[in-house]
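One chain, chain A, appears in both complexes that follow, with chain B as partner in the first and chain C in the second.
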Partner chain A sequence: MNEPSATPGWWNAAGRGLWILALALVAGSWWAAAHAPVEVQMGPVQKIVYVHVPSAIVTLIAFGLTFAASIAYLTTRQWRWDAIAAASCELGMVFATVVLITGPLWARSAWNTWWTWEPRLTSFLILWILYAGYHVVRSSLRSVSRRTVSSVLGIVLFVNLPIVWKSVEWWRGSLHPRNVTMTGEMRETLLLSMAAWIVFFAAALMSRLRLEWIREAAAERA
Partner chain B sequence: MTLLDVAVKDLRLHARDARFLATLLLFSASVVLILSVAFGPIFREPEGEAAATLWAALFFAGVLGLTRSLDLEGESGGGDAVRLTGADPYAIFLGKTLANFALLATVFALVLPIASIFFDVGDLRTLPTLLGVAALALLGYAAWGTLFAALARGLKARELLLSVLLFPSLVPLWIGAVKCTHSLWASGSIDPVRDWIKVMAVADVLGLALAAFLYELIQEASE
Partner chain C sequence: MTYAIVAYAVTAVLWIAYLLWLARRVARARHE
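Moving on to the complex of A and B:
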């Protein structure tokens, strides 16, 4: 197992740079969303899509990264991979929660209900519960077994991601569209929002990993 | 030690604890009773309500069975003893899955007639197909349940955590089992919901395949 140490200077500098870029992009995307055309049928509520869709995509990226890092940990047994898996999963939970909050706000306006047992909503809620379980299990275990058990869970729970992704195609009666078709300013705003949330996720992940790095170094010294 | 030896050992442990088996069966019967009273006395759609009740009772009882298996191993040190024989970890997993499957099948054999009588549904013509559906659903339950039970071994509130992780993972199996049972009792055929058989088969294969790669690692972590 590699020896933990304090984060290198380039890591801290890259993290700060990413935070500046992320905040600029988020501010830009909010400005673009505020000035994007208002959708005729739904009105201003439609602008939730600029938060909802990017958050959902970042959730899938985060849990996908947890899966990849879990495999890497079980293969190499380097603590850094376990730290990446756990940090990415934590951030994934934050974005998944945003999806679950913004979804009903959209649903109330578009479908006239806060919640409906529709395939993607249901599968996403299941995903949220399962990854919440990942954190509870992780926090209940001791150091070495915690890493192995968390990594196994990170792999097993990944099975649900394709189900969420493909749920609108596999099950009839989905209210979610199979493809989001947007043009012009709306499309540009959505793409900018996606870029903003992805960079925001990367910046937050680097900060979270720095904390994990310091924690390991402290544990090593103790 | 072969997978059959492991399965026989686990089943023997269950058979010795008659009080637990009786409690498990009474618990399942109580769930059926409570839900039939809640849905009744005049059922709007007895086939659908009975199917949901039957599988809810089985899935809840299953967690009790899985937790008990874990406790028995912990109390007697049987789990460590089996590992010390040098048996292949996947054979141990398959043996435990087989034992859990047998336990669930026993509960199913008792709960099925109770649900049929309380809701006045089902007939002997559809029984062979229903048994096939049950075998598919319970095999998946046993495989995923054994995998998660092994993961939960060292945890404090393992009954709760097992439920939190297991139930959401079993949703495809649960929906498939309920839909197929409903269709069988309502129309005498599973043709309208045939796709769910494929979903359950995929869930079974996935549970068994994941364990082939991961069960050894879980065992290592719990040592």
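Moving on to the complex of A and C:
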């Protein structure tokens, strides 16, 4: 076993602790979602909100972190910032995919259609495609320029986030709900789900960074 | 109800698949 390539012990221990917390919170939030009151108009399908909304929020957090880490890399030229940007962007893609799958499942009941080209849905799909492009470009480069090009992309693509966020206000005829207003048990369930997926993101980010750490150590040895 | 179950099931499957893929890449990187 090549131990020099392993991450520090404290990192692994913190990662394990975070994973236990994340899985407990996600399991708890799903249990809470199952037992939350059924919404009068939509019925049980409204419970999709408890996974859809937190995933959308974490997508924006993940791509926002990619933006911040990309700036930090271009400023400091330390590989760790590039690693954070790439890891966060990859996880953001998974969260964004969850959003794009769960959204139409909700829309089928709410709007009687799987998909409609309204501002929020369209801008989010464009966001997904553009960040997929980030990974295509990054994986196609092998030289030192890989980190620089990725960082520039991580900064430029961030322009899309405010557009997605504000799309329901900037364009008329938006079907997508502006705000999710809930009270009582439903609100508590949504807040728990938010906390659960944010901690899940943190745990997954630590695991994904471990991969970058091992790769960097291997590159240094080579 | 069916759509809600599908949404949660797909979320679980997607994350499990991603984490397995990540674990495979970590294992491969450690042996390189």
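In the analysis below, the second predicted complex is superposed on the first by the 215 of 222 C-alpha atoms of A that agree within 3 Å, B and C clash if a C-alpha of one lies under 4 Å from a C-alpha of the other, contacts with A are read in each partner's own complex, and residues count from 1 in each chain.
One rule holds in what follows: contacts are C-beta pairs under 8 Å (C-beta built on N, C-alpha and C of every residue); 3 or more make two chains touch, one makes a residue touch a chain.
Predicted model only: the values in this text are computed from it and were never measured.
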item: Chain B versus chain C as contact partner of A:97, first or second or both or neither; value: second
item: Partner chain in contact with A:192 - chain B first, chain C second, else both or neither; value: neither
item: Chain B versus chain C as contact partner of A:47, first or second or both or neither; value: second
item: First (chain B), second (chain C), both or neither touched by A:218; value: second
item: Partner chain(s) touched by A:36 [first = chain B, second = chain C, both, neither]; value: neither
item: Which of chain B and chain C A:207 touches, first, second, both or neither; value: second
item: More chain A residues in contact - chain B or chain C; value: C
item: Contacts on chain A seen with chain B and repeated with chain C across the two complexes; value: none
item: List of chain C residues in touch with chain A within their complex; value: 1, 3-4, 6-8, 10-11, 14-15, 18-19, 22, 25-26, 29-32
item: Of chain B, residues touching chain A in the complex; value: 147, 151-152, 154-157, 161, 164-165, 168-169, 171-172, 206, 210, 214, 217-218, 220-222
item: Complex interface listing, chain A residues touching chain B; value: 74, 122, 126, 129-130, 132-133, 136-137, 140-142, 144-145, 148-149, 151-153, 155-157, 159-160, 163
item: Contact set on chain A toward chain C in their complex; value: 1-2, 5-6, 30, 33, 43-48, 51-52, 55, 94, 97-98, 101-102, 105-106, 108-109, 204, 207-208, 210-211, 214-215, 218
